[in-house]
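Chain naming follows the written order as A, B, C and D, and within any one chain the residues start at number 1.
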Amino acid sequence: MSDLIYTKGLKKYFKTPRGMLHAVDDINLTIPAGKTLGVVGESGCGKSTLGRTMIRLIDATEGSVMFEGKDINTFNKKEMKEFCKEAQMIFQDPYSSINPRMSVAQLIAEPMIVCKTVSGKKELEERVKQLMDTVGLAPRFYYSYPHELDGGRRQRIGVARALALDPKFVVCDEPVSALDVSIQAQILNLLMDLQDQHQLAYMFITHDLSVVKHISHRIMVMYLGECIEYAETDELYENPLHPYTKALLNAIPIPQLGAKKNIETISGELKSPIEPAPGCRFAPRCPYAKPECMNEKIREIQITPTHKVACTLYY
Amino acid sequence: MYRMIIKRLIMLIPVLLGISFILFTIMYFTPGDAARLLLGDSASEEAVEALREQLGLNGGFFERYFDYIGNIILHGDFGISYRTRNPVFTEVFTRFHYTLRLALTAIIISSVLGVLFGILSAVRQYSIADNVITAVTLFLTSMPDFWLGMMLIIIFAVNLKVLPISGASSWECFILPGFTAAANYLANTIRMTRSSMLETIRMDYVRTARAKGVPEKKVIFGHTLKNALMPIVTLVGVNMGWQLGGTIIIEQVFGIPGIGSLMIQSIRMKDTPVVIGCIMFIAFLSSLINLATDIIYAYIDPRIRAQYVTKKAVKA
Amino acid sequence: MANEKLLEIKDLHVVYHTDEDDVYAVNDLTLSLDKGQTLGLVGETGAGKTTTCLSILRLLPDKIGEVTGGSIRFNGKDILGISEEEMRDIRGQEIAMIFQDPMSSLNPVYTVGYQIAEALKYHSTEYKTEQEIEKRVEEMLALVGITPERKNDYPHQFSGGMKQRVVIAMALACDPKLLLADEPTTALDVTIQAQVLKLINELKDKLKTAVVLVTHDLGIVAETCDSVAVMYAGTVIEGGPIETIFGGENHHPYTVGLFGSIPNLKVKTKRLSPIEGLMPDPADLPKGCAFSPRCPKCMDICRTTEPPKVFEGEHMIKCHLFNMNKEVEA
Amino acid sequence: MMAKSKNIAVSPNEETHEVKRRGQIAQIWFRFRKNKMAFAGLIIFGLLVLVAATAPLYLNFERDVIQQNIMDRFQGPSAEHIFGTDQFGRDIFKRVLWGARVSMSVGIGVVVVSLGGGAILGSISGYFGGMLDNVIMRICDMFLAIPGTLLAIALVSAFGNSIPNLMLALGISTMPKMSRIVRSSVLTLKNQEFIEAARSCGTSNARIIIRHILPNAIGPIIVEGTLSVARSIISVASMSFIGLGIQPPNPEWGAMLSEAKTQMINYPYLVYAPGISIVLTVMSLTLIGDGLRDALDPKMKN
């Protein structure tokens, strides 16, 4: 299995008036071609920032993102332009992520015009129509403006735009969380079909554990900027190790009668990732916290070749 | 809190310096010679030259500017008026109380009536009262204040003969100018109050208050107004600042010898120290008003209060 | 206790008059809820769930929202018929409501203690003096798991989950008979959502409050509700005790679609089976059954005639499919 | 690689369901026209522009507007002189008509200066941020601390009294406010996800500003521009009124009022026509501006 993209010790810190905000802290991940890595976490855990550093929409503070063996953080302007064709992004909000003053055709054509991947008007038009067909937008929307379309169709525009340059890697930043369940399922199916057809690698960012299970091959669980558990999807759901992962799984309501009688909850809420204390960042909420959790940086323990966890319980 | 006030006052210094520099530059490049203007065309060249020397008008641009600023910083001396040879301070203060009286009359009229009508308009949205208020507002914003002043003079002073035409000798003299100066700000205050109230009324917490069964009066004057007040406080503060320097034309219409008239005279006579002095004084006052606005904010909104408190706590 | 009707909505119609169109938000909605029971109101955005709750409290936006037909009976009283004064007594005291976004449901310029006390001040006969009210506020805060000393704090000093706890304390302060909870956990993170749901579950059992829980999440319904009403385009298309919705054989095609759209944690599915198409425009509803354009089992009659309510014991389905051999309500 | 694929997940009614389609401009126009007040404003303003533009066709500037007829001075309104005559015996109606030309063109000129400068400064400041933004905004703050009328008076005295200088002076004195408005609308847009989306496919800064930011910012800028023409007409009149704007005998409305000022106690009718003309023009522009604002962004309406 070839690794299309991987990171080494990736960090992104932001300066704030109250100190350094550790949005992404020492992340190591790999995504093979044609596979999906799900990134799960609650709001404020740094998953969106991670997604943006993966395609260098934001420059990393430290560490590297290796794409096909080259570090994207060292790319110059020209190399960046080439990289743009390989790595694209689908955004969360189908309303604010689409320029309201451009027609559907213009929106989908824009990346191809910017990157000059097509020659001639005719080819461009054909390509746009083909893309619209691919993502399931009827041809009659060619001249429509976004305000005439609903969230689901807008998100299809976002998908078409991301695919326009024939990328190998797409970061999907909560692409369905703003949509209703029935529409959500349509978009999820579309993304999965496209992956099969085009061998796309996805980084699928979400807070929804049931969605991520459905679409991912591997899953990374994040908490306050750190990766706390990293495993193959089935392994993670059958045998969650980290207390936070367990709590997350436990917290999802199951739409079946009697699926769960006792809701066990963890107490407390997410702290801010500004100047975090050393040690496990989950420790203040963890029911199993021990004194050593608070002291040193937690090591990642390799439980099986495909399952890592950062918790003192498994030292 | 005190820390915030002191910080704000210190931040004022570069702004005042910047203003003085901008104005000094403009005045420097204004054609005409203050000494010649003062002595008139009949004066001899020697006399003009002597006066020029005396007033320090012969130096280069930077020399004169730094002289001027140096005197302010070192001696607190804002210079003397070329025209009257009085200290600038005296000039400003003998005139200022007229402007202040006019501005206060206007600000009281515009704020009190503005907030009242604004609330009425918002609470009874789309009613006849709302439509009438909106129409009057539109009319007031479309009127040049000097024309309104002239019309008021024609109606109340010429035809009805109930109020004086011009002057500043008694309190009655300030009624017409006060209303004239208030007109525009009144319209702004009504508009702002109305839209701020309407925006706040739609907030979830107002709906929550209603769902709790809080009486409608309490919902409007407690939950809504207190939150809607923020932009209104800002507007009143800004209006007050503008009023102090913005009554120039109204003073002309009603013949009030306030600071506005002083400034126009001084610009015409190239009386640079007075022009700069006046405007720095007004800018300083406006900043104090802004500061007061922010303090009122902190009083109304606990979130802003908390900002000041935490800042202090972090530093301490 | 059971079978004592607390809330009965019959044939409710609500229209919003906007500048451009009349929006038919609620159409022919019928619901009922027994004392102390929990009803799950399920549906997607625009199904009319929130509008239904606001109609119960008579808090539809002034001059825009209008109830054009039907009746709402609460505890035997005709809510649509009583005066505004009487209605205000009901609000907060007998029916309380929790809104979706805890961040904006609390007034930023008042302390949380004051906001909880407010409902008591205007209604309660039990807590009259200042001390009694003060004590009740502290009691309520403790009940939702917040230390009573925090009553003098302002909303901005609380996190999202804590704010929602304050909102719950505020709603329950007067011991209402009915709590309308409009997506109370949607704005919260999963772990916090679990905490708040647990709290609501515990409190409703303890205080014997009836709850209408509005949600789009079938999982939440399964965990908390006694009965369910599935809404689509402003009307209930399927309803009944929870067992009949989550079990049983006959279901409305929309309900089937909803279940098919959710990726299930417990069952491995390769592909989701979503409902095709979109929610209809409530200003321009299709003729006949509102779901017919999206329905995989659509028949000719569905496009022309409004489907009848078909009953199977307490289980109701509003669909032509089941019309054939069951008793029909005229 | 991108093989032609069959439609995935197109809903069955995708082809049949007809959506309401209207061009964007047409839609704005539709909403604008529904607003009766704004539409009335547009008609009034249209008429005023028509009168102003065609004035040379039916008026002779020298003979009708400037030439003094001392014999006819101070004639009250009559059939011959609808608004009467002024102290030099000139027909006020004709002067007011011609005055529309002056007032409107100078008012628009002022806005061209302030909007042009403000748009450049504001968009640079908003888009690039950092030090540059800081410097530009601090300078704006200083200018904003000086009362606008006064700054304009000082600038006119420095530049010398002429129509282009007046436009420049008033333009500069309103430029800081304009910069701030443009800057804040650029700042809001800059943080939208679609700008990020554009950057994610390597779009250059210039293209982002031209293709993505300007088309979205243009609406509020047009609204602000319209309202600002209204305010400028008042400012120009005010400047003329205190003798620092357009000079007599040129019939600008403010200048006419300035001439009338000394006579108004005896001849109040001198004050009516020029003043009402200002009110009418400013009001129609305000109505248009407000109407445009609502039409461009229906959510903002209340």
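In this section, a contact is a pair of C-beta atoms (placed from the backbone, for glycine too) under 8 Å apart; a residue touches a chain by one contact, two chains touch by 3 or more.
Note that this is a predicted model, so its numbers are computed, not measured.
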Based on the averaged CA atom positions, which chain is farthest from chain A?
-> B
Using C-alpha atoms only, the most centrally placed chain is D
Using mean CA coordinates as chain centres, what's the chain A-chain C distance in Å?
-> 33
In whole angstrom, what separates the CA-based centres of chain C and chain D?
-> 50
Per the C-alpha centroid definition, the whole-Å distance linking chain A and chain D comes out as 47
For chain C, residue numbers touching 2 or more other chains are 274, 276, 278
Multi-partner residues of chain B (each touching 2 or more other chains) | 125
Sequence positions of chain D contacting 2 or more other chains | 9, 11, 14
Sites on chain C touched by chain A in the complex = 44-45, 159-162, 189-195, 197-198, 201, 216-223, 242-243, 246-247, 257-266, 269, 271-276, 278-279
Which of the residues in chain C come into contact with chain B in the complex?
-> 57, 59, 63, 88-93, 96-97, 99, 101, 104-110, 118-119, 122-123, 154, 156-157, 167, 170
Within the complex, chain A is touched by chain D residues 1-5, 7-11, 14-15, 19-21, 24, 192-194, 196-204, 207, 211-212, 215-216
Where on chain D is chain B touching in the complex?
-> 138-139, 141-143, 145-150, 153-155, 157-158, 160, 230, 234, 237-238, 241-242, 254, 257, 260-261, 264-265, 268, 271, 274-275, 278-280, 282-283, 286-287, 302
If you look only at chain A, which of its residues touch chain D in the complex?
-> 52, 55, 57, 80-81, 84, 88-89, 91-93, 96-102, 110-111, 114-115, 130, 133-136, 138, 140, 144-145, 148, 158, 161, 163-166, 186, 189-190, 193-194, 197-198
